[in-house]
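As structure tokens, here come the structures.
Two complexes, one shared chain (chain A), two partners (chain B, chain C).
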Partner chain A sequence: MMKGSQKSELAKREQRLAYKMLLPTLVILVVVALYPLVNVFVTSFTDKTFASSKKAEFVGFDNYKELLSVKIMKLPKVENEDGDMVYENPLRILPRKPMRYKEAFQFNFFGNRYVFGATNPDFLSSIGNTLNFTIWSVLLETILGLVVAMIVNIKFRGQGTMRTIMLVPWAVITVVSARIWEFMLMPTRVGLFNMIGDWLGISNGSVSFLTNRALQLPTIILVDVWKTTPYMALLLLAGLQIIPGSLYEAAKIDGANKFKQFIYVTLPLLKPALVVALIFRTLDALRVFDLFQILLNNQRYSMATYNYFQLIQAKRMGMSSAIGVLIFILIFVFALIYMKGLGVDSDD
Partner chain B sequence: MKRKLLTMMMAFVLVLTFSVAGCSSSKDTNDTSTNAPDTTQDTDKDATSNDDSSKDTTQDNASEDKKSVVTVACGAVGIELDLTKKAVELFNQDNPNIEVRVLETPDLAQDRLGLYLQFLEAQSSDVDVYQIDVIWPGDLAEHFVDLYQYGAKEVAGDHFAPIIENNTVDGKLIGMPWFTDAGLLYYRKDLLEKYNLEIPTTWDELETCAKTIQDGERADNPDFWGYVWQGNAYEGLTCDAVEWIVSNGGGSIVSPEKVITVNNDKAAEIIEKAASWVGTISPDGVTGFGEEDARNMWQTGNAAFMRNWPYAYVLGNSDDSAIKGLFDVVPLPKGDAGRGAAALGGWQLAVSKYSNDPEAAAKVALFLASYDIQKLRAIEGSFNPTIKSLYQDEEVLEASPFFGSLYDVFTNAAPRPSTATAPRYNEVSTYFYQAVHSVLTGESNAKDALLELEIELQDLLGFEVGAPE
Partner chain C sequence: MTKLKKIGFYLMIALISFYLLFPFYWALNSSLKSEAQLQMTPTTLVPIDPQNGSFSPTFMNYASVIKDKQFLNGIANSTIVAVTTTTMALIAGSFAAFAMGKLRFKGRKQMLYVILAMTMFPQVTILSGLYAIITTLKLNAWFSMILTYMIFTLPFTVWVLTSFFKELPVEIMESANVDGCTPFQTFRLILLPLTAPALVTTGLLAFIAAWNEYLFALTFTAIEKNARTIPVAISFFTGIISRQEPFGEIMAATILVTVPIVVLVLVFQRKIIAGLTAGSVKG
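And now, the complex of A and B:
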């Protein structure tokens, strides 16, 4: 408060000007972002059908209940046809009315077998897939991006050319690069990876990267890392360039080796750029759509592709709006964690 | 406290800017394209610019000579677009009062549906005639006019009855049949001769033939496989699997009388059989194959048999094909039903209810589906006509001889249960191909997968469960 009253007339005037200049942006934000958002929020409480004249009815929290209800139940042992004791089929255990709980997975706990049932396991697994994708891809991109940024930050001949070439994967439209990867990942020896695998003798030349469940996520993460590392490198390079060279000289005189220079000079000074880059990438990765849609289609969903499935294939606009709201809340939580955790809001 | 609020605000604005694309896909039509693959987006942009100009022309011409503009949304796969443009030119010669524009749409049926739904949700008059898939009439009927009101009565009888029936919803003809498709078995004449084998007529025979040829050919060609088909988790697998199950007497998922029939031993048996092909007579990667993947393998001479649509016939006989003149087509093999089954495919032309001039639009649709145009398309692009008499036309038969020999296959093709399950067919099909795919990849067995599917469909549709006829 003290600080505020001490503000000079000039500072106040500048502040007022800033508000005036921000106004158009705020108005546009309200029109293009807030209005659709409120609309989505309202629709999420209805059973509206997409592209249909059917009247939408208010259904309260039904869409959310269907998306998020879970139940854990113990599986009893029963005798099967051959007289062996086996665990009961979860289909017979999980309730079917008023909403059916489907098996998501089973687990053992203190010698008992339990089944985890959810009314919509597809949506829950889409959250899992998205989080998995986000954590791994952002982690790998940050590490690789930092390495690349530090390399192109060194002065050498052809540095400018290098920096331009580095950006090529990022410049290619995601849909196009996804198609190129799809071709390279072909499940026959026409595909590059199968050809190399076969040539090295490590596979039979018929590995299906995109339909084998164990390989799907690693493959998608790999494609995303290839594509987005340059972007990360670019952001970090900007951060590296504002670190004055004199600091390194001083550190060197004080006897710090390269590693210590990195830990005590580069990293702390790079932190603001790193945080911005991390936030951008995380929020981007959480709403990943194109890679999942093109490479995995309906085999495995990200949150955004599941939303698309509910809207276009199932035409359930109310349901897909509810998913949209949940995605929004999740991303919001992530943004908050980043801002609190990494101290973006501090004044200094 | 104040700072906390500020953080909240900042986070909120940040998320807001980021989530415009993320959330609003569920909201309004323009934003959906932000999320959709870029192909769609481009087409969408094309569409808008196209439409703007068409609106302008409408207004300009209204003051001059009342010229109508009709926009046709159609496919652009291979030669398709050229043929449509050719037909439109012919139409424009005779009808100077109607200007026809052609709007390209995405290749994948699923993407195309996404684009159409955006036009239809907005009740847009920008597109007048839609090219719709054989599985959509039940789903989209409310958006289209009854073509019987616009002069289709006289010509409907010339077309295949099952397709007309498929396109009739509550007594209204909502789509004019344009071309039809049916699954066929492609086989290598030269290889059957080399190994002294007969053309297989049952799935068991196909297995043996494929195995024999594959074992023999592997000596020279390690990439050779016996049988390729569509095993990826998409609509194409629904077609393949419906063919298996119908040919084995297991019904077609949901009967026309709205009974869920999919969970039966015959169906489980044939799906298990198909799963046993993966890695033996079909490559492991077949569970990632679409039509074009299968055709690429086949056309380079690396497969003895292939299940595919008729379009592969002309392409297989093109000059750059390794198997030009070495193959032929027959009906798909049979199982316990004693008769093979071919999935019914194909596209229709429907006229939008929201069109500014449905009269002119219907005229265009009827012209495009007329005898002359279907003949042109049959000869130049081997698109199967839906008009019965074209299968006796000499010029057509000369271009694609199998049209004559496989006439029965085309007239008796097995429809997917799109009418009985409308408007939820897309979900039914998705659950179905996901279930079949899980068996093919070995994650599940057919019995469990079908039981689960049956319950899923019961919840989705609310129909009774029963045995197939």
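And now, the complex of A and C:
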């Protein structure tokens, strides 16, 4: 009996200490994050205009409906002026009221032709662009980051220099590094890549990396991989550092080769660091802004640049808040998948 | 290592270094070119004289950047803002991470998500809300930036450090307890030094993130132009030499602000080596 209450007294003390130590973070959180976040949620249900004194009105889910409404409709065959049978113009088929649907794309299914209409195809394609960008760039920089981290974890002459070199891309101011790449990617031989392509004879020296739709995303992904591999590598390096060397020795004695050591020792012990690095990189990639804004300049949107466009150019603050909330939800889903999928929060 | 393996290893290192450094080299190369040299077709790997093709770098971009008061001012502002942000994030973050990684309390898991949620909105969306807070609190530009930078530095710091505190064996806390340490003493005297590599790592990443931030800085220094940080100052370069966009000067400025960070990394990277060597912890 005595022992039990003593124990609970200890547990209570531990709990109190925990809350005390969380206090600074919580205070900062409340001051700096609570109001803006609540504000975004509230604004997303209004038609508030940016930088104007016009009174905002409550519009319910209208902003969300406009962003997310989609319709798939069958295109009938009709006769055109020349007497040929062609598919009907999607604009005639898609509903115009209460909101106007625009064609996103067409597809064939069991011999029929369908149109995929959306009230806001730009936003939907921005989601596609962002997901595509996120998956590829996070995957590539995780692999590359792991390789770099494992190399600089080995003791060799020049290790310190290499660790410094490793961080250079991350250290270059983001806005400027986008400009450096823009300059290197110029569609003439003034740009480095076209000069090299021409010199090697593999291109005519006028490849438009940033205006050719097929090249836009791969180009941006590669630029991002360059820029953020250091971030990944450094976080993973810190994770590698805390794996005790004795474990490798034990594995060696048990006859595990280098590959087996990697699979059975390195990866499991690296998992906590890897998950945190993945979550934060994914979160940043889903909000990618600078690269799309500077390199693609409204030719093609990411979710965040579309959000920016709605706010600054279209001045639709309610709409932009709704986009912000949707991005928030998407990011939250990703974070949950990582946490559950990789079993990080299962230990308590 | 056998000789062949060694050669392969260093070859790999050379390859990776080249990949990581060549855009930076291109910035250096461009910063040493005049406007005419920048537009040469085809572009050249080093600055050369268009007439006779001899090596001819120019330092006028650097000269004009160094004379620019905005630029020097920007370095000072960025340093103050980034150092303060990093310090605050590390202090508050390591406290919170200790609680989350090593103490048992109700609502631990939810707390992790709440802290993460703080950083899940795109910057553009929360800008107007933040602006309202700053006008209410009547903060100057420096404090506005420091406080708002917490949004992206603090959750990151808390999460990374939490994962490191969790890794530390419970036995350390127990033996410290036996020795008569209070939990807070255990944290400050024993656990914190052990997480030094993680502190340095997160500190460096947070520092650079704060140093490079653009959108918040642009907004909060709109009125107080003297408080502009480096990225904002560079974006406002009008160019002293150039008629159009001063690309050469922007590149020179980039080199000048990246070098101190590289030196900083060079100094601190020694600390990223195993803090958990045998002896302090036996796993």
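We take it that the second predicted complex is superposed on the first by the 336 of 348 C-alpha atoms of A that agree within 3 Å, B and C clash if a C-alpha of one lies under 4 Å from a C-alpha of the other, contacts with A are read in each partner's own complex, and residues count from 1 in each chain.
The rule is short, and it goes like this: contacts are C-beta pairs under 8 Å (C-beta built on N, C-alpha and C of every residue); 3 or more make two chains touch, one makes a residue touch a chain.
What you are looking at is a predicted structure, and each value in this text was computed from that prediction instead of being measured.
Chemist: Given the superposition on chain A, are chain B and chain C in a clash or a fit?
Modeler: Verdict on chain A: clash between chain B and chain C.
Chemist: Can A:Leu139 be said to touch chain B (first), chain C (second), both, or neither?
Modeler: Neither chain B nor chain C is touched by A:Leu139.
Chemist: With both complexes overlaid on chain A, does A:Met150 touch chain B (first), chain C (second), both or neither?
Modeler: neither
Chemist: Return first, second, both or neither, reflecting whether A:Trp199 touches chain B, chain C, both chains, or no partner chain.
Modeler: In the superposition, A:Trp199 touches chain C alone.
Chemist: According to the stated criteria, A:Met73 is in contact with first (chain B), second (chain C), both, or neither; which is it?
Modeler: It touches nothing on chain B or chain C.
Chemist: Touching A:Leu342 in the superposition: chain B (first), chain C (second), both, neither?
Modeler: Neither partner.
Chemist: Return the chain, chain B or chain C, that is in touch with more residues of chain A.
Modeler: C
Chemist: According to the stated criteria, A:Gln313 is in contact with first (chain B), second (chain C), both, or neither; which is it?
Modeler: first
Chemist: Using the touch definition from the top, say if A:Ile294 reaches chain B (first), chain C (second), both or neither.
Modeler: The answer is first: A:Ile294 touches chain B but not chain C.
Chemist: Give one of first, second, both or neither to describe whether A:Ala304 is in contact with chain B, with chain C, with both, or with none.
Modeler: both
Chemist: Please indicate which partner A:Ser52 is in contact with in the superposed arrangement: first for chain B, second for chain C, both, or neither.
Modeler: Touch status of A:Ser52: first partner only.
Chemist: Which segment, 5-13, 41-49, 77-85 or 113-121, is the chain C region that clashes with chain B in the superposed model?
Modeler: 113-121
Chemist: What is the shared patch of chain A, the residues that chain B and chain C both contact?
Modeler: Common to the two interfaces on chain A: residues 29, 32-33, 36-37, 39-40, 50, 173-176, 188-190, 205, 279, 283, 287, 289-290, 304, 307-308, 311, 317, 320-321, 323-324, 327-328, 331-332, 335, 345.
Chemist: Which part of chain A faces chain B closely enough to touch in the complex?
Modeler: 29, 32-34, 36-37, 39-40, 43, 49-53, 89, 91, 96, 100, 173-176, 186-190, 194, 204-208, 210-213, 279, 283-284, 286-287, 289-290, 293-294, 297-299, 304, 307-315, 317, 320-321, 323-325, 327-328, 331-332, 335-336, 339-340, 344-345
Chemist: Can you list the residues on chain B that touch chain A in the complex?
Modeler: So the residues of chain B touching chain A come out as 3, 6-8, 10-28, 31-32, 35-39, 110, 113-114, 117-118, 120-121, 140, 142-143, 222-223, 232-234, 283-289, 293, 296-297, 423-424, 426-427, 430, 433-434, 437, 441, 443, 448, 451-452, 455, 459.
Chemist: Considering only the defined contacts, which chain C positions touch chain A in the complex?
Modeler: Touch list, chain C to chain A: 9, 12-13, 16-17, 19-21, 23-24, 26-27, 30, 38-43, 88, 91-93, 95-96, 98-100, 103-106, 108-109, 111-126, 128-130, 132-133, 147-148, 150-151, 154, 156, 158-160, 163-164, 166-167, 183-184, 187, 197-198, 201, 204-205, 208, 211-212, 214-215, 230-231, 234-235, 247, 250-251, 254, 257-258, 261-262, 265-266, 269-270, 272-276, 278, 281-283.
Chemist: Report the residues of chain A in contact with chain C in the complex, numbered from low to high.
Modeler: Against chain C, the touching part of chain A is residues 11, 14-15, 17-19, 21-25, 28-29, 31-33, 35-37, 39-40, 50, 147-148, 151, 156, 158, 160-177, 179-181, 183-184, 188-192, 195, 198-199, 205, 226, 229-231, 234-235, 237-238, 241-242, 244-247, 272-273, 275-276, 279-280, 283, 287, 289-290, 303-304, 307-308, 311, 317, 320-321, 323-324, 327-328, 331-332, 335, 345, 347-348.
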